[in-house]
Amino acid sequence: MIGKLNRNSTLLSSIISIILGMLVGAIAMLLSGYDPISAYGALFSSVFGSASDMGETLRTITPLIFAGLAVALAFRTGMFNIGVEGQLVIGSLAAAFVGLKLELPPVLHAIVALVVGALAGAIWALIPGLLKAIRGVHEVIVCIMMNWIALFLSNYMVGKVLSNNSDSTEKIHPSASIRVDFLTDMFDGARVHLGLILAILTTIFVYVLLFRTKLGYELRAVGLNPDASEYAGMSVKRNIILSMMISGGIAGLAGAVELLGTSEYLAINPSLPGTGFDGIAVALLGANTPIGVVLSSMLFGGLFNGGSNMQYVAEVPFEVIRIVFAAIILFVAANFVKQLGNRKNRKKKGEKASA
Amino acid sequence: MLSTMTNLLETTILYSTPLILAALGGLFSERSGVINIGLEGLMTIGAFTSAVVAINTGSPWIGLLAGIVAGILLALIHAVATVTFNADQTVSGVAINFLAAGLAVYLVKALYDGAGQTPVVESKFTDLAIPVLKDIPLIGDPLFNTSPITYIALILVFVSYFVLYRTPFGMRLRAVGEHPHATETAGVSVVKMRYVAVLISGALAAIGGATLSTSIGSEFSATTVAGQGFIAIAALIFGKWKPFGVLGAAAFFGFSVALSLTGQVWGLTEYVPSEILTMLPYVLTILALAGFVGRANAPAAIGKLYERGSR
Amino acid sequence: MNVVEMRGITKCFGSFTANDNINLVVKKGEIHALLGENGAGKSTLMNILFGLYQPEQGKVFIKEKEVAITGPTMANKLGIGMVHQHFMLVQPFTVTENIILGDERASGGRIDYKKAEREVQALSDQYGLQVDPRAVVADIGVGMQQRVEILKTLYRGADILIFDEPTAVLTPQEIEELTEIMRKLVKEGKTIIFITHKLKEIMSTCDRCTVIRRGKMIDTVNISETNENELASLMVGREVSFELDKQPSNPQEPVLKVQSLAVDDNRNNPAVRGLDLEIKAGEIVGIAGVDGNGQSELIEAICGLMKPKSGRIILNNKDVTGLAPRKITETGLGHIPEDRHKRGLVLDFSVSENIILQSYYKKPFSNGFGINYKAVGDYANKLIQEFDVRTPDKDTPARALSGGNQQKAIIAREVDRNPSLLIAAQPTRGLDVGAIEFIHKRLIQHRDTGNAVLLVSLELEEVLKVSDRVAVIYEGKIQGWVDPRTATEEELGLLMAGSKAKGGASQ
Amino acid sequence: GGNKSKETAKGDFSVGLVTDTGGLNDESFNQSANMGLQKAKNDIKVDVKAQESKKDDDYVPNLTRFAKDKRNLIWGVGFKFDKAIPDVAGEFKDSKFAIVDSNLGGKIPSNVVAVTFKDEEGSFLAGVAAGKTTKTNQVGFIGGMSSPLIKKFEAGFTAGVKQANPKATVKVVYAESFSDATKGRSLAKSLYDGGADIVYHAAGGVGKGLFDEVKSREAGKYWAIGVDMDQSRLAPEHTLTSMIKRVDVAVFEITKQAKEGTLKLGTEVNFGLKDEGVGLSKNSKISPEVMKQVEEFKQKIIKGEITVPSK
């Protein structure tokens, strides 16, 4: 189920796709009597507007980058990690545990919390990885199930272990927080935190891992042709498990970062956060390349954060944004622009492309 | 005790019906080689449309038809993107989910000035008792005095089996999913087959959605489908892409949910916190898979982009 | 009458011209050979005739009427059937299902499998194409798959049959049968276009032959008026020597010892049954045998890709039985796998990434953690040069290379590691004489540098030509040994059929 | 449009209200709060603006947006705001904030007022009504997620039933969800099949399932009790009564005080039976004689002769 965006999609065609997507949204608004101009005006003003707006946008982008990278990395080894959702929840839970239950000196505390969060996510992903490797169980089912288990486990822990029968935990010890004044001030008051920097570092990490290291070479080889990889003396099982664990680790880190930087507490939740699923869209829209993931996260985060301002100012229902984003994904994925541009030429290219 | 058995069975059926329908939908699409992560979205659009139309026409059946049409239209987008434009199937499916979620809720707000959900569907599907059969002890009431859609779901399992394994159409559909090039050289249009398959999946998933909003429940809101589309995908794989496998998987899942819920009524919560009890179905599914189901082989050509003459 | 006439056919893939103004005339009732190097454009031309590709230019006449063949359905209507180079069979389907697919003749919307099976049986009897209508294709050998492909076309009533390299994957016996079948079909009034790289076959079965080089039509010759060498030079554009200059071997100490080895195939049926084999440095041992007598399992076991059930494998005096593939490779094994697309290459990796598939983790390519793509690139360029792998550049995906060049890349990778034992399985399957010549030279070179070579091939001619000693494998055991200099194909054929070796020729 | 509201915001007195993830029209406390807001707009001419939250992470930015907008009073509706309100209130010392359904664990900042309800008291009366009405001496309670807020409803209801009818037992179940109507229906089914003839819920969207189930049963024999608002529209014939929680009243009152400058900040304002903050819906199917007893208990509670447990 490895997903690659249509090979010949270029930056220009992507940009046109984005514009087309917004047009779709505009039509939806006009049909139901809203004013697209003021709506998009509000959207952009809040994306590029005040420092704090921009800050909140960055805050929204941060977890998306992690989630997208997690999905992309697994895809490269031929694993569809639809369980990022759950691994993220577990990451938050673990980080909350460390942040609340341990007493440690400032910097160290945060580091421990992050590491534990990542480990927890890795372990959660290990289960589908193992089952796939040794029993050949399809990772997608196991991941979907693990997502819900994670949710209920987290809710249970919040109520019964991390608080006494409350809806949410106390705030974590300040020593574990990864909010830093210079960032908060830079974006006056917005909850930008070190997570953003971690996200960028993780992006570089994933790039190097995949395209510059021995392990990355193996992961990609196994993803593209397990038989040849086995012939070349690689252990397919080992690589499957490893890629799931690294992917889960990144997801867990996302959860930890969200908790230690954005919310700073954990609350019971009736439903899954959804970041993991957004991550799938982000990864695939970014053609499973680290840089692509960052770009699509920015698009996604910008739209969704701007969306709530759009709702605030122009009173357009937030859902329009989902429509817009869906349209953009479709236009990019179908490489609509280019293909319409020259269907004939495409046919030949098509024949060249291999099945 | 007897009554608890009956009750378990009823709950099982309640939970399985939408899953069976949606998973069957996924079955047609994926057997033709087109991954359908969009089931969630197709269910959503089906649930929304059938609810709204049922409210305005006063007939759940007309609602159902409308839902099916809506499902087909949304599926059409998936087909155009993946089959005609060779978009990655998973991406397109994800987009379908976004689109449906956005569109349905947006329209609810637009139609019912800002409401978070539709009004109550007064004229919903009501249980339909089948004479004689309904009086069979234990299974009679749950199986033969239930929603028409449940009958439809069960019948569709048999129909799907027949279509897939007994008719030329079915054989071609399976062939396309296994080896599109071979099928093309045998004079079958891969594109046509995949379009039809994806549209069918839209229709079936939509019925599954309609079940939630006009049979089990009686309104549509943003949370009506709440992840069932993904459980359906799990059921599809669990059922190894086979009609009766899907039936079994959906029933298995429904039954474990039933256990976890009736378990509370039996007072299990004395010993196990309800959060933990709620995990039961998901844990059981994983155990079942790891234990005795094991490896499942997807249709060979699934997810691969197909272009005539490429190799 | 000309049943097929293609005039001025031109077909381009992007900027590349695969067919350049080609003319082809096929007369009714003849077997017409189509000859050309890998990538010459044969399959492309035939795919056009079968409606899979649309040409940029040119006309097609069937039975002297101009036609536009828009797709396979159209081709079927015109009575054109094609047996594709890469089998077009649905693996999990039964033979019958595969044959009727697309032309099910359902009654009341329902497929009548009983009836269909009877029809298939009848057809197979009529043409002597033995198949089991109920068998699942995944479970039958290539030979029968081939016959199924032919039946597919006959079932649709084709009278113009295109065979694209049908013999590349067949055993000598099967090739014999196929030739018989083709003759029979022609008697039945069918016309056959036959693609093969084996000049012998052309000489023995065809009436005329059209030669294509680099997408251009060179000439159409009457077989009765030509010979193998002429055909070869027409095809390649230069003289090709069929004689290998090969010194006699001088065997040294044994490199590989296989002792009473037993291996099950992946359906857990015994495949190798207590086999003994010894190969010495400086010799090439050939293994002949009918496909499916345990060759693949023997190789996979030696390479560690399959776990032996019993017995010992000793490589360079080290017991490597059941070790992990890499351990064995590092003990001095090189392996040219029989299925280059399944095992040999990661098709979506670049040529250079494929070149280091066996050594990516070693210096200078890796320091144990990172990979030095500079070093990789230089190395790749060196090998591409040395083994003249025809590829736009080192970063082209292996997928875009011709089979011949894909094979050269693999051989470069394995030979350059200078393993003391090189296993070559079907190293020349589907390749043109030029490529074959090159590969054979390389194998002998490897021997002459004091290494052992194990050649497993279904092509008797190849085995006899290249090997110093030939073992015949039958039902998982070595049935006997022959001396390639003295042995005849008949002698081999008997052993391959299971009869005991008559004294003399042995170690 | 927003610009207009910004201008008036500069004007006399302006209020902002942020919903939790339930959204404005959740047919529950968010919607009720909004009704209070609209009343304030019409009756005492304050400029109002409401904003929905999509994720828990939106609370802070949404409150901040209003604060930046210089709104005089800013509402956070729901206990989920118990971290966000103190945060933002700390940031914007000179705007006033109010939170519904949480007393912030007693630590209430000087520019915040905490509005809470004696849900247990209203639930107690619902319990009395149930205890007196049940024929099977079995009643059920469906909770959303096991959380202290919902436990208040459970505790009050159970106490009420026991007080009114010592022979009656209460089966308590939790859906661990606020949205899964199918689960609600299954649980209700199990409770009724298990012998209960009246079921009360405090489970948001899950409760919809309760009404779907009870509607499929004999009217006058099986009853459901609604929560938060009058839910009888969901099953007119089967809704015994609804425990209504006058968030609208509270929002209006506090807003009014704030405008008149009489609002005491840094304190918890607790609405109970006596200030009409909670109670049973006017329109109900409770028989007159039962209704009389309900009234008696109500007076006892108001007088303080009975103190209702909240855990």
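Residue numbering begins at 1 within each chain, and the chains themselves are lettered A, B, C and D in the order written.
Criterion: contacts are C-beta pairs under 8 Å (C-beta built on N, C-alpha and C of every residue); 3 or more make two chains touch, one makes a residue touch a chain.
Here the structure is a predicted model, which means the values were calculated and not measured.
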- Task: Just tell me the minimum hop count from chain C to chain D, counting one hop per pair of touching chains.
- Result: 2
- Note on the structure: Ranking A-B and B-C by C-beta pairs in contact puts on top A-B
- Query: Among the chains, which has its CA centre at the largest distance from chain D's?
  - Reply: C
- Note on the structure: In whole angstrom, the CA-centroid distance of chain A from chain B equals 27
- Item | Inter-chain centre distance, chain B versus chain C - centres from mean C-alpha coordinates, in Å | 46
- Could you give the separation in Å between the centres of chain B and chain D, each centre being the mean of its C-alpha atoms? 35
- Residues of chain A engaged with two or more neighbouring chains: 152, 155, 159, 271, 351-352, 354
- Junction residues of chain C, two or more chains touched: 53
- Message: At least two partner chains per residue is the criterion; list those residues in chain B.
- Response: 114, 181, 223, 226, 273, 275, 278, 308-309, 311
- Message: Going by the touch rule set out above, what shape does the chain contact graph take here: line, ring, star, complete or other?
- Response: other
- Item | Every chain pair meeting the contact rule | A-B, A-C, A-D, B-C, B-D
- In their complex, what parts of chain A are in touch with chain C? 212-214, 216-217, 220-221, 224-225, 227-233, 235, 348-349, 351-352, 354
- Residues of chain A defined as touching chain D within the complex: 35, 38, 42, 52, 56, 59-60, 152, 155, 159, 165-168, 171, 189-191, 258, 262-265, 267-271, 273-274, 308-309, 311-315, 318
- Per the touch rule above, chain B residues touching chain D in the complex are 3-4, 6-7, 10-11, 14-15, 18, 114-117, 120, 126-127, 212, 216-219, 221-224, 226, 257-258, 261-262, 264-265, 267, 269, 273-275, 278
- chain D residues within the chain B interface of the complex: 22-27, 146, 171-174, 176, 179-183, 185-187, 189-191, 193-194, 205, 208-209, 211-212, 215-216, 233-234
- Would you mind writing out the residues of chain B in touch with chain A in their complex? 35, 77, 80-81, 85-92, 94-99, 101-103, 105-106, 109-110, 114, 180-181, 223, 226-227, 230-231, 233-234, 237-238, 273, 275-276, 278-279, 282-283, 285-286, 289-290, 293-296, 298, 302-311
